[in-house]
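As written, the chain order gives the labels A, B, C and D, with residue 1 at the start of each chain.
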Amino acid sequence: MSLRRIEDTRELLCALLRAFHGRGWVSGTGGGICGPAGDDELWIAPTGVHKELVEPGDFFRMTIGTGEILDAPNGLQPSECAPIFRAICAATGARSVVHSHALSAVLAADLHNGNILRIAGFEMLKGLGLSNRETLEIPVVSNTEREHELTGAVERALADPRFARTPVIMVADHGAYLWGADPMEAKKHAEVLHWLFDGRIARHRYGG
Amino acid sequence: MSLRRIEDTRELLCALLRAFHGRGWVSGTGGGICGPAGDDELWIAPTGVHKELVEPGDFFRMTIGTGEILDAPNGLQPSECAPIFRAICAATGARSVVHSHALSAVLAADLHNGNILRIAGFEMLKGLGLSNRETLEIPVVSNTEREHELTGAVERALADPRFARTPVIMVADHGAYLWGADPMEAKKHAEVLHWLFDGRIARHRYGG
Amino acid sequence: MSLRRIEDTRELLCALLRAFHGRGWVSGTGGGICGPAGDDELWIAPTGVHKELVEPGDFFRMTIGTGEILDAPNGLQPSECAPIFRAICAATGARSVVHSHALSAVLAADLHNGNILRIAGFEMLKGLGLSNRETLEIPVVSNTEREHELTGAVERALADPRFARTPVIMVADHGAYLWGADPMEAKKHAEVLHWLFDGRIARHRYGG
Amino acid sequence: MSLRRIEDTRELLCALLRAFHGRGWVSGTGGGICGPAGDDELWIAPTGVHKELVEPGDFFRMTIGTGEILDAPNGLQPSECAPIFRAICAATGARSVVHSHALSAVLAADLHNGNILRIAGFEMLKGLGLSNRETLEIPVVSNTEREHELTGAVERALADPRFARTPVIMVADHGAYLWGADPMEAKKHAEVLHWLFDGRIARHRYGG
């Protein structure tokens, strides 16, 4: 079914996870997604499961402000990303966050300079609301042993005015958190950003 | 359904957009397509939407000569490519134009010399009507901040006799406009050209 | 439907063309295929059409010995490969030939030495009936302006005892002709050979 | 049908083979898989067949301890991997083994040092039960002319305490044997490991 015809948020998130798995962004149970459940609530995918096989009944409903779990499916745990998803939604107003484990995200983050990955010289930047003359500056935080330990560094990046228009935070050796106002904008940003990661890597190989 | 069995032009354009999205040529709402609506009219896809989700009712009907909009779907804007699509159709007689945002188009355009990308030494050139002994010369125009500002440079390339047999114009950092007499010839040219872009890049990496 | 459940040869050839198109081996109307129509006859796909859209009624029936056309669909021309397909079947006993326009075939052929592409050091060689200690030697003939002009060079390669166990002939800048006793063996050889082309290219890039 | 809804082990193994074939891990009849048939028994796929076309009735039932064949489909031979599959299950307690012929496995194994391939610096290591600060050490055994001749080297690697937590053994020029407690854990490990192979190769190309 066309994504445009899916009315239920959790069904849409499942369809996006299947598409993202086909592209290698959420392999081997890695990665994650959340979407809006209400004004101050999110549907959050579970951890430790094959993401392309997630079903609508598997999502946790969680408040953005306090992290209280309102609905919990039997036998599952919410994504370890939950505190990061909440921090991003609270700081930016986004209501859908994608956590990508794409190899291209890791390889692009390898090209950071002083913990900022810079990407310029691509029309595709317009897909993030920038002009094609601007430089996208993406914060790259260091990886930690446990995912929830990333939350502090993510919050500092969210508060940094240099990144106020950047809908993505990268984690070295790990992947990317990227977001949009809703799941379809998050999908758009996911496609644009992974294209830009590939482009940045390819031009680095050209020597650029 | 087989593309051969699709009789409605707009349905065919939608099927092509889905196929092109699967190949990474129209990611993140980028790219576009048009096809024939009548002798002097085009069906033009809308801007700012996920191209693989475009439906037949989303197309604008526009005259080639004046750009007058004859049919407009509610709540959408025609592709910013519309003036370029019209210029190509007016100058060449083509009735279907594809605007590709493929990374391979950008990386191949990086290899231009004096604003011409030259591709030779491939049997695949025959798919554009050339002999395999000829050199394909593609004009590469500089990118502009707004897409409609490209129209003048595109018109100059279309009028340049060196490119009279070249069914594609590239835009640096941006992508390619390519065309055919009808949507199926545009599809053929799209497949041939993206193959040639990949081949040109790969031989450059070989040192060729 | 599973390829194992397809009983009609022409339906099987159509299904293989769709699969090969998805892999980029027959893009932009390029490439071709034939399969057995009888003891001394072949079904041969038409030229100049989108290969993934070929239907059972589009095939030509042709004798291997004389090239006489026994059945011809309206409005189509048989593949320009027909003389080469017949030469391969006559010389080797094969009854299914695949003509690949894969970029990997062209890039691997670039690595020939004295018009022989050598591939060794891969378990995958067993898929061609070789031991993994043997070296696959593939003849690489020069491209010609017209496809039928290749026939002489192909016949000489077929008669060369060095290549008696090699089920593939490559054409520089162009692609590969590969074969099997029947369409399913040709499919197996196609998968093995394109894997080996990719492997040969990748190890060349490693400096091997 | 979602893999989560498949209750029959052999149907699940067939669905996994189709998915793995689509990724290039079991091309050209290569590769293999087994899954649990009972406490001390395995379902083992046949040799010499197109792996994506394997059907539930094609599997052999074999005891892990003695290799006795309890059920045999007509006209087929069990995978030559059978002794290796049995050795892995006996030594590790795994009940599902995947034999991958992916090119990425061969190219990653090329990067071994003293017959150990080391992979570190990736969050994705967590998918194998390691911390992201640990180094994955994978034994790389030399290829042999016949697959069953690998069994001794595989058994030595399985008995080596350095590799006690490593759910994969690689064979130079050939591929990888990887495993999990059941088919879905083997799928997870397959996705994680092929991601890591790609990552290791890409960072080698960066000069890392």
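By definition in this document, contacts are C-beta pairs under 8 Å (C-beta built on N, C-alpha and C of every residue); 3 or more make two chains touch, one makes a residue touch a chain.
Small disclaimer: the values here were computed from a predicted structure and weren't measured.
J.: Give the chains in contact with both chain A and chain D, ordered by label.
T.: Intersection of chain A and chain D contact lists gives nothing.
J.: Measuring centre to centre, with centres taken as mean CA positions, what chain is farthest from chain C?
T.: Computed centres place A farthest from chain C.
J.: Rounded to the nearest 5 degrees, what angle rotates chain B onto chain C on CA?
T.: 90
J.: Quick one: compare the interface residues of chain C with those of chain D and tell me same or different, with half as the dividing line.
T.: Counting shared over all numbers used gives less than one half: different.
J.: Whole-Å distance, chain C centre to chain D centre, using C-alpha means?
T.: Using C-alpha averages as centres, the distance is 31 Å.
J.: Measuring centre to centre with CA averages, how many angstrom lie between chain A and chain C?
T.: Centre-to-centre distance between chain A and chain C: 44 Å.
J.: For chain A, give me the residues that contact two or more of the other chains.
T.: In chain A, 205 touch at least two other chains.
J.: For chain C, which residues count as touching chain D in their complex?
T.: Residues in contact with chain D: 2-4, 121-124, 127, 131-133, 184, 187-192, 195, 198-199, 202-203, 205-206, 208.
J.: Going by the contact rule at the top, pick out the chain C residues touching chain B in the complex.
T.: It is residues 24, 27-30, 50, 53, 55, 101, 103, 106-107, 110, 143, 145, 171, 173-175, 205 of chain C that touch chain B.
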